[in-house]
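I'd like to ask you about the structure that follows.
For reference, chains read A, B and C in written order, and residue numbers begin at 1 within each chain.
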Amino acid sequence: METKSSPWKKIAAIIAAILLITGIALIFMLPAPQTRHYPKRIEVRFWHMWTGEWASVVDNIAQEYNRNQTKYEVVPLSVPSSAADTKFLLAVSGGNPPDLMAQWNPVIPSWADKKLLTPLDEMMTPAEWKEFQNTAYPVAKKIGIYKGKLYGVTTGTNVWALYYNPKHLREAGLDPNKFPKTLEELMKWGDKLNRYDKRGNLVRMGFLPGWLAEYAPIFDGGFYDFKSNKLTLNSPQNLRALTFLVDARKKIGYNNVVRFESGLLSSSNGSGDWPFIKDFYSIALDGQWRVEEIRKLAEDTKKNGGPWDFEYGTAPVPPPTGGKSAAGFADGNFLVIPRGAKQARGAWEFIKFWSGIEKPERAAKFYTWGGWMPINAKVANAPAYQKYVRENPQFKTFLDLMPSENLEPSPPVSYQIFLVDRIGRTDDFATRGSLTPEQALKTLEHDIAAEQARRKEYRYDVN
Amino acid sequence: MSTKSPSGLGKYQRLGVHAALIMLCLPFIMPLIWMVSTSLKAPSQIAMKSGESAVAFSAKNLLPNPVKWDNYPKALETVPFAVYLRNTLFLCFFSVIGAVISSAVVAYGFARIRFKGRDSLFYLMLATMCLPGAVTMIPAFALFRWLGWYGTFLPLIVPAFCGNAFYIFLLKQFFATIPEELSEAARIDGASEWRIFRQVMLPLAKPALATCALFQFLGTWNDFFGPLIYINDPTKYTLAYGLQQFLASHGTEWAKLMAGACIFTIPIIILFFFAQKTFIQGIATTGSKG
Amino acid sequence: MKKRSAKTIRNLTGYAFIAPWLIGFLVFTAGPFIASIFLSFTRYDIISTPVWVGAANYKELLTGDPIFWKSLLVTFKYAAVAIPSGIIAGVALALLLNMELKGISVYRTIFFIPSIVPVVATSVVFVWILNPNSGLVNSILLRFGIMGPNWLQDKNWALWSLIFMSLWGVGGSMIIYLAGLKDIPIQLYEAAMIDGANAWQRARHITIPMLTPIIFFNLVMGTIGAFGTFTQAFVMTQGGPEDSTMFYSLYLFNRAWRYLDMGYASAMAWILFVIIMIFTGIIMKSHRKWVHYGN
């Protein structure tokens, strides 16, 4: 079986080996790239979870800051999100935290509860703290404040609203300019927009209302009363919201909905396109970042000489009777300073610079680089931001939601991620028809009560 | 090559086997095809409207049109590719050398020397594999920090030199299949255990050693988590980290990501293609000649 | 007297050979190992000092946590199907790829590809293969008039989908079997052919028995691996739908790193440890009955 190799083969192998070795040697002789541009300044170690072009936006903001003052140098490090929390927690537990971290997972209550984060209000002057409390949008405060102390400054809130395809609406004889003012009416529009193939399979969804955490506030419910600081899990409003979501699926058939949605999975997971722009939905609920995404896609397509005729509009979710308008779920990107950070002051200066707590007019530019929602009205009204909104008129729907008191982030309890997972589970079991809405909410209430009992037994904080 | 192979198949049987193998191959090669095809597409094609049903993967869609070769230079520009490659090769080199040599030595001890406590220690070694990393990570991290290794390559290299339970077990199984008479004969000639190991066992275990080296290389090449946890300097990261940089939370650029993935993967596939010939050089070859 | 010293020398030689591992174990592994036993009896949130809570974690797990039991069941189901099918597929593939055929190295490479390609690419392709509307599997089923299930999105099928996916990674064990096959002395086959044994008899009486040490290895590793299954579920399903793919290790990870309940997670780890050790012990005990060493 051992074949005698010909001399040519041997020579070829030797040449290949030499080339390979030279190549590797060349690589190893490369100079190490520079990470510091101002080696004499104090280094502020900044970890964030952005990657790709988003990481470049963050790098640019840091560079801008480094150019703007002479004391600190912010050095960003992209820590991809699948390992970010683990790396962060290990570093903090080992006493070697970064000076600043940008996060978007709901971690503030649990990390603050474990004394992992520096209270930022203590870094502010009393005037600054007062100013923050007066000017920051309510949702930014709900996300950043835990038990009266500020732990995170949001540099980009995520809010959700409806995207609609005017072409589909016109085809179905609906007037995009008379967009529904009630949820009931919107559901009727949705029915008219559904399309089926010959076999009776759904091929285009008119409108499918999304998930419980978004709809509970719309139905005047929600999982937390931010005034009395109490969980409100199994309320009649939440039950109404969940029943509404379940009924919408029951009408089409649980299995059909799952089949339709998972049929899209390959595209949402695979080729980077969003089902809405591929005409699979006529009206879809999604976050503000899609505006920026579509803008980029259009730009890219045109650059490559392709036609671009995609048309879309946005609108807030209309409330049901007895519900609330400008309501829904919200979460955000925010900046935190770990406890034990060596350069907390430098980190704080950078937070003020980026967020627009200091000089909102200057910071407005950064928000437009990422297509991020502003932290307060001053940033929103700054010329740079207004210009962005004029160029992307669909963005206004989202901006208009920001001052609302009805946006609800995940409840700020110390076991927040556990609670968020359980709410997701409630949603999952009910909208697939395995549990009735009543049963699902009762299970949620029971599970959380059990967790609270366990935490009490362990002498942990129960709130 | 002899005309009569151990499988002893006729011409038509061979054709049949080829046909069956090609059919079987299809699902296995799919990820590669998809990767390459996506890496050559324009963003507009990836986001192409596909009309009636959710066919993101139809034959028509599989072929890039137009073919965008410049996705590759673009991908290479996005990350400091050469630096990452250097770090990756550095880590791969030391961890492969370390893991293979130490595992072979240890495996020989477990397989061929009857010492006191051998079986319990072997069982203990297997046991170390059964505790999930998620719970041992904190004490291990604390240890490396205490040693002053946080922020260096050491936590990623040194443990490899202490052998890897998986390879030790694998090599032990291979050593155990080699007839005892071979080493007995050497022992009678007065050879030390070390010499028996070096001169009798290692050459015979080449396929198994190659397998271990391959697994270790692949593991290090693909390891994204280890370097990320222990290293804080962006210039010390590896290709696996670079690949993550193409993935974005919103609006991942798939063409660039897959171009990156191809650059990341294709060298390994080529390497494997050539390395797998080593697996053929077992005692089978020496046997057929004898 | 002389005999004893020979024994001592053998003991010393043995320990010298295993020294790299022994040192590594004492330095890097033993500490974290013992620490995790201690932590399993505490409440520990990673940051604060651990507080002793006795057996409270174990009590809660065994009596008050339905997801724990669910995850155990999911993992058992997975192991029961994935391990044997993985071994059968691995051996069969290795036998097939051990043939003397032109281009066999290309085939070998192709079957190994899913083990090399980054998870982002494999998971995307896998999701497509199992797409209920346009995926490969359901398209084929439809040809036979069968309406395929929703696979990854169906609570009755999601686990099966992941088992199916695990077979896709069979290339890894195929390589090990292949290396083992190449170690079988060819004289055995020649002798058998002279005795007039056919291909099946040769496989049955030479190949399989000679491969048992490697099958044994893969069985033990497969058991340890199956109970530790994490990545596929973490990447593809996050435990859903309706907890149908909530693997033990995934739940453990959630407890440890997302809920910061490290004490609880450590207790879970030790329960898992005992379970795996029992199974491994049974396999080890049985191995003298069916594993052939040497000649």
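Here is the rule we use: contacts are C-beta pairs under 8 Å (C-beta built on N, C-alpha and C of every residue); 3 or more make two chains touch, one makes a residue touch a chain.
Note that the structure is a prediction, hence the values are computed from the model and not measured.
Asks: If you average the CA coordinates per chain, which chain's centre is most distant from that of chain B?
Replies: It is A.
Asks: Is the number of contacting C-beta pairs greater for B-C or for A-C?
Replies: Between the two chain pairs, B-C has more contacting C-beta pairs.
Asks: Taking each chain's centre as the mean position of its Cα atoms, how many Å separate chain A from chain C?
Replies: Roughly 35 Å, centre to centre.
Asks: So, what's the distance in Å between the C-alpha centres of chain C and chain B?
Replies: Centre-to-centre distance between chain B and chain C: 16 Å.
Asks: On chain C, where are the residues touching two or more other chains?
Replies: Where chain C meets two or more other chains at a single residue, that happens at 46, 100, 124-125, 128, 131, 133-134, 257.
Asks: Would you mind listing the residues of chain B that make contact with two or more other chains?
Replies: Residues 1, 53-54, 56-57, 137-138, 247, 280-281, 284, 288.
Asks: If a residue has to touch 2 or more other chains to count, which residues of chain A qualify?
Replies: Residue numbers touching two or more other chains: 1, 86, 93, 263, 266, 270.
Asks: Would you mind writing out the residues of chain B in touch with chain A in their complex?
Replies: Those residues of chain B that touch chain A are 1-2, 38, 42-44, 46-47, 49-54, 56-57, 78, 80, 82-83, 85-86, 89-90, 137-138, 141-142, 145, 150, 224-225, 228-229, 232-235, 241, 244-254, 256, 280-281, 284-285, 288-289.
Asks: State the interface residues of chain C toward chain B in the complex, per the touch definition above.
Replies: Touch list, chain C to chain B: 10-18, 20-25, 27-29, 31-33, 35-36, 39, 46, 96, 98-101, 103, 105-118, 120-122, 124-125, 128-129, 131, 133-134, 136, 168, 171-172, 175-176, 178-180, 182-187, 189, 193, 199, 210, 213-214, 216-217, 220-221, 224, 227-228, 249, 252-253, 256-257, 262, 265-266, 269-270, 272-273, 276-277, 280, 284, 293-295.
Asks: Going by the contact rule set out above, which residues of chain A touch chain C in the complex?
Replies: 1, 85-86, 89, 92-93, 110, 114-116, 201, 255, 258-259, 261-263, 265-266, 269-270, 415, 417-418, 421, 425, 428-429, 432, 434, 450, 454, 457-460
Asks: For the complex, give me every residue of chain B touching chain C.
Replies: Where chain B meets chain C, its residues are 1, 5-9, 14, 17-18, 20-21, 24-25, 27-32, 34-35, 53-58, 102, 105-106, 108-110, 113-116, 118, 121, 123-132, 134-140, 143, 159, 161-163, 165-166, 168-170, 173-174, 176-180, 193, 197, 204, 207-208, 210-211, 214-215, 218, 222, 243, 247, 257-258, 261, 264-265, 268-269, 272-273, 276-277, 279-284, 287-288, 290.
Asks: For the complex, which residues does chain C have touching chain A?
Replies: 43, 45-48, 51, 53, 56, 60, 64, 100, 123-125, 127-128, 131-135, 150-155, 240-243, 254, 257-260
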